[in-house]
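By written order: A, B and C. Residues from 1 in each chain.
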Amino acid sequence: MANFDQLSAREIAAGVANGDFTAVEVARAALDAVEARDGEVKAFLQVSADLALAAAEATDKARAAGEKLGPLAGVPVAFKDNMHLVGTRTTCASRMLANYESTFTATCVQRMLDAGATPVGKTNMDEFAFGSSTESSAFHPTANPWDTERVPGGSSGGSAAAVAAGEVTVSLGSDTGGSIRQPASLCGVVGLKPTYGAVSRYGVVAFGSSLDQVGPFGRSVEDVALAMNALTAGGRDPWDSTSQPVDVDFLAHLNDPVEGRRVGVVPALMEAAGLTDEVRDAVAAAGRALRDQGAELVEVDLPNIASAIAAYYVIAPCEAFSNLARFDGVRYGYQERGCATLAEQTSLSRAHGFGEEAKRRQMLGAYLLSSGTYDKYYYPAQQVRTLITADYARAYEKCDVILMPAAPRTAFKFGEMSDPTQMYASDLFTISNNIVGNGGVSVPLGLGAQSGLPVSAQLQGPAFADASLLTFARAIERSFSPDGGAPVAPAFAGKGGELA
Amino acid sequence: MPLTREDVAGIADYARIALTPEELDEMTAYMNDAIDLLEPIRAYDLEGVEPTFHPIGDLSNVMADDVPDTEVRHLPVDVALKNAAASRDRSFRVPSILGDQGGDR
Amino acid sequence: MKKLAEVLRDWEAVIGLEVHTELTALETKMFCNCRLSHDDEPNTNVCPVCLGMPGALPVPNERAIESIVMAGLATNCEIQRHSMFYRKHYFYPDMAKNFQTTQGPVAFCMHGHLDLEVSGAGAKERPDGTVEKDADGTYVAPIRILRIHMEEDAAKMVHVGGEEGRITAATESLIDYNRCGTPLIELVTEPDLRTPEEARLFMEKLRQTFLTLGISDCSLENGSMRCDGNISLRRRGSTEFGTKTEMKNINSFKSLHDALEYEICRQAEVLEEGGIVYQETRHWEPSRRRTVVMRVKETADDYRLFPDPDLAPFDLTDEFVERCRARIPELPDAKRDRYMADLGLKRADAAQLAGDPAVAAFFEDALAAAGEKSAETVTKVMVNLVPSYDALTPAQVASLSALLAEDAITFAQAREVLDAVNGTGEDPAAYVDAHGMRQSTDEGALGAIVDEVLGRCTDQVQQYRDGNKKVLGFLVGQCMKAAKGSGNPKAFNKMLAERLEA
């Protein structure tokens, strides 16, 4: 029989529903694959075998009872370790939360489970999602399945790597400045950051509350669409004030033709400093592929996008400082022992519980929010946000989506990007969409001509046009992935995971 | 004017992050590098531009009904306390606040 | 220290109040659906949101927003259609997130006012000539309200190991998050108050207003209504503000008055001796009748306020505001005026009855049972007798008022009757009859007693006729004694006078 890593989410759900195999068999295959592959990939911080088998058994029982199964019935999924799931720890890859037991389940996780998914485990990340390489995890780095001497990107590096290595079919990540799209690009999988508000943030440990958005990884656009249907089923989440209803079937429009539709290209971005030739060429090829399918390429301008990084590195640290203030070692989290006063306990718990980058971001935020400084940086950054939002609105009068790179280069080696501010600058292509709240998706374009590593294009769209983004992503996939999706990284494909 | 070591020590004190002398030096260098990165924001003339604090379009007036939930999200006291390093008498426990100055409300 | 009256001749006191009121009438907390706690065991009413668990998010309670809009309308505020919640940061574990969700520069309610009518002894605190007073010394003080904003209350901390749960010397503290997240409205006045009595009256009026709105139980004792006072002095005639101190731990109207009185006198003494008033927070100690320093504010606190990204902004609609307006019951001032105009009540009585919505409702029920013609007697009973009892019904008050109106019992007997029927529900008329207390006004029966007394007290009769009218009281007493308490003193009085003047 086949290895489960060769099956799409739709094929697994259909196979379980039809009785070709059971959900428990798929769960065992996935756990077996994790066993065989994760020693090297290290995508997981925690494998929830008991929860996975219990969920799969429930799915099989439901089928035996003649109940209608969910669209993700039996599909092995992994969750970034900033998402709560009762029965697991939620560590945010931080010493601060090393022993934190989830006291409730995040809405996004619950919706995946409600759709029948099998929860295989929690994945590694940059500590509290601060980073682009997953190297700032307090526990261990995660390897890129395409070259294990390289990073998987970040901050959702574990979720991207788990899908790229074929350990799970679908995973969830969170994207505050590119943390889904950039690791998807570096790992050669599809990663969607939906429009802000499309997926509930309730139960996802916050980094930048006005920037964070949860989204799925998959090896195909269809798998991502299937996950989006599950994540948006049931309408808006009443527990998240910024949640909005998404009343669209993401699968229904997947194979709509792109003929006659307009794809924006920003010439200045294609000349950006740091963008490698192989990425630029591949993205240009993606544009040609869309044109070949009848789409029209139009030039658009985003004049203020160069300031997006500056605006982001004001807003994100301020929100991070505020969101992480609650980690004082009192109600939960690392607590320094033997302190005589509360002030000492708080300062030492935070000093020793947080890693370097988490401390840096909070310090920067605490400075930028201080009185006097607020008017110099925070307020103007939010005004620049208005200008960037207006830039995009004008661009979308001329096009349906905008095509650009997701990351300026392919996966880099461990330790190669040691200067934090240099790392910040690499978020150039992804950050602006978090600033304005729009959706964006990374689509694999195969391997780079020079590096031989995965290269991706990014498509960005207007607010709540995420289904349309997937239509264009599918069009690119048709040209670049004739098999209907990206391959499992060859070093790991077929290692364990055989469906018994 | 760049932030001095003393400025950064003051911020660390406020943010309740104890820093060693070496960490303070590194943090000072980092903070000044990061602030340099933010310069484009200060170059704008933003007269009359409204800020966007919430990227949510026209969404406003989001409220919930005043109806108790004692089942779904309510946490029993043992669950509420289970991640706390120190507790006593159904309560979270902290050391003396002597020497601390709490804020006013 | 000098007395207040003396101090206020030379100095003008500039007082502002910050009043926090918990919306105890609501079912649930401000940003989650946990029940509001009363005397529950620690950490009974908690969820991820009010415990500040990572990943939890706030959603505002609609009834809390309605309540604050009602409070704003009732205090003549402008309702701000556009406003936002902000995060106010400080590291202290009574706030589970280490920030408080509150409002920024724009609150739901801005720029209101309440007019105080200051009369009686309290009006004398304000020196003549500093305000326009009526012939009887009454004056009106318009007090501007800067804002009323919406926020969440903090957790309760118990300090263990020290003396009387005080912070000093405590070795550890226990935190109970039951109260954390309770909806709280904070009202800030402009510094328009000039005397401790005005401050006390303002709080009283605010309490009456919020009680009438039904948004809180407004208990100063239990802390559901809390008041901080800011106070500074300046020389009469000066327009500049002096350095202010902030007064905390005020848990009764009397404490508010006395703490301010003490602080005015203390500051005057410091200033007159050439000293400096420091900007500091002071704690009122009722048992020692003094304020003591809690903390000195060297620099302004920097709370790193910024708009809360987790909470969508508010753009209140006309429909929302009008719905709130329609829910506002008749407020105490309007009720007082109606009692005066429609029932002919005296201003002080009308104000007393209208002030407390529970009292007003009781009064109106009693009046309905007794009939509007009995307004005078019912009012007399309500003002003079009812406040001493805790378990009377309006029907009992109506019945008692009827007995008094027809002179069937005396006022002294009325107390005796109420002592007996309080809490039993028994009809006072039935009680009076059962105990033979009903007083006779029958002129035939009483006449015989009067004649008997006049016949035997010839000395007093002569004194009366010589012009000592006071002796009538003695004769009434003799009649009452002879009647063994069942004769109506008014009737005796009338009959004695008639016979003596004849």
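Following the convention adopted for this analysis, a residue touches a chain if its C-beta (ideal position, glycine included) is under 8 Å from a C-beta of that chain, and two chains touch if they have at least 3 such contacts.
Being a predicted model, the structure only gives us computed values, none of them experimental.
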item	value
Pair of chains with maximal C-beta contact number	A-B
Centroid comparison with chain B (C-alpha atoms), farthest chain	C
Averaged-CA centre spacing for the pair chain C and chain B, given as whole angstrom	39
Chain A-chain B separation of Cα centroids, rounded to whole Å	24
Centroid distance [mean C-alpha coordinates] between chain C and chain A, Å	57
Where chain C touches two or more other chains at once, by residue number	48, 51, 59-60, 91, 93, 173, 175, 302, 309, 311-312
Touching two or more other chains - residue numbers and ranges from chain B	14, 16, 53-54, 56, 59, 62, 64, 73, 75, 80, 92, 94-98, 100
Numbers and ranges of chain A residues touching at least 2 other chains	100, 103-104, 210, 238-239, 241-242, 321, 328, 330-332, 342-343, 346, 366, 370
Contacting residues of chain B [partner chain C, same complex]	14, 16, 53-54, 56, 59-70, 73-75, 77, 80-81, 88-98, 100-105
Residue ranges of chain C touching chain A (in the complex, touch as defined)	48, 51-60, 87, 89, 91, 93, 96-99, 173, 175, 300, 302, 304-306, 308-312
Residues on chain A engaged by chain C in the complex (per definition of touch)	82-84, 90, 92, 97, 100, 103-104, 106, 201-206, 208-210, 238-242, 318-319, 321-322, 325-328, 330-332, 342-343, 346, 366, 369-371, 374, 378
Residues of chain A that touch chain B when the two form their complex	99-101, 103-104, 196-197, 210, 238-239, 241-242, 244, 306-307, 309-311, 313-314, 317, 321, 328-335, 339-348, 350-351, 354, 359-360, 362-364, 366-367, 370, 376-377, 379-387, 389, 420-421, 424-425, 435-437, 463
Footprint of chain B on chain C - complex, ascending	20, 26-28, 32-35, 41-49, 51, 59-65, 84, 90-94, 100, 154, 158-159, 161, 167-177, 246, 281, 295, 301-303, 307, 309, 311-317, 320
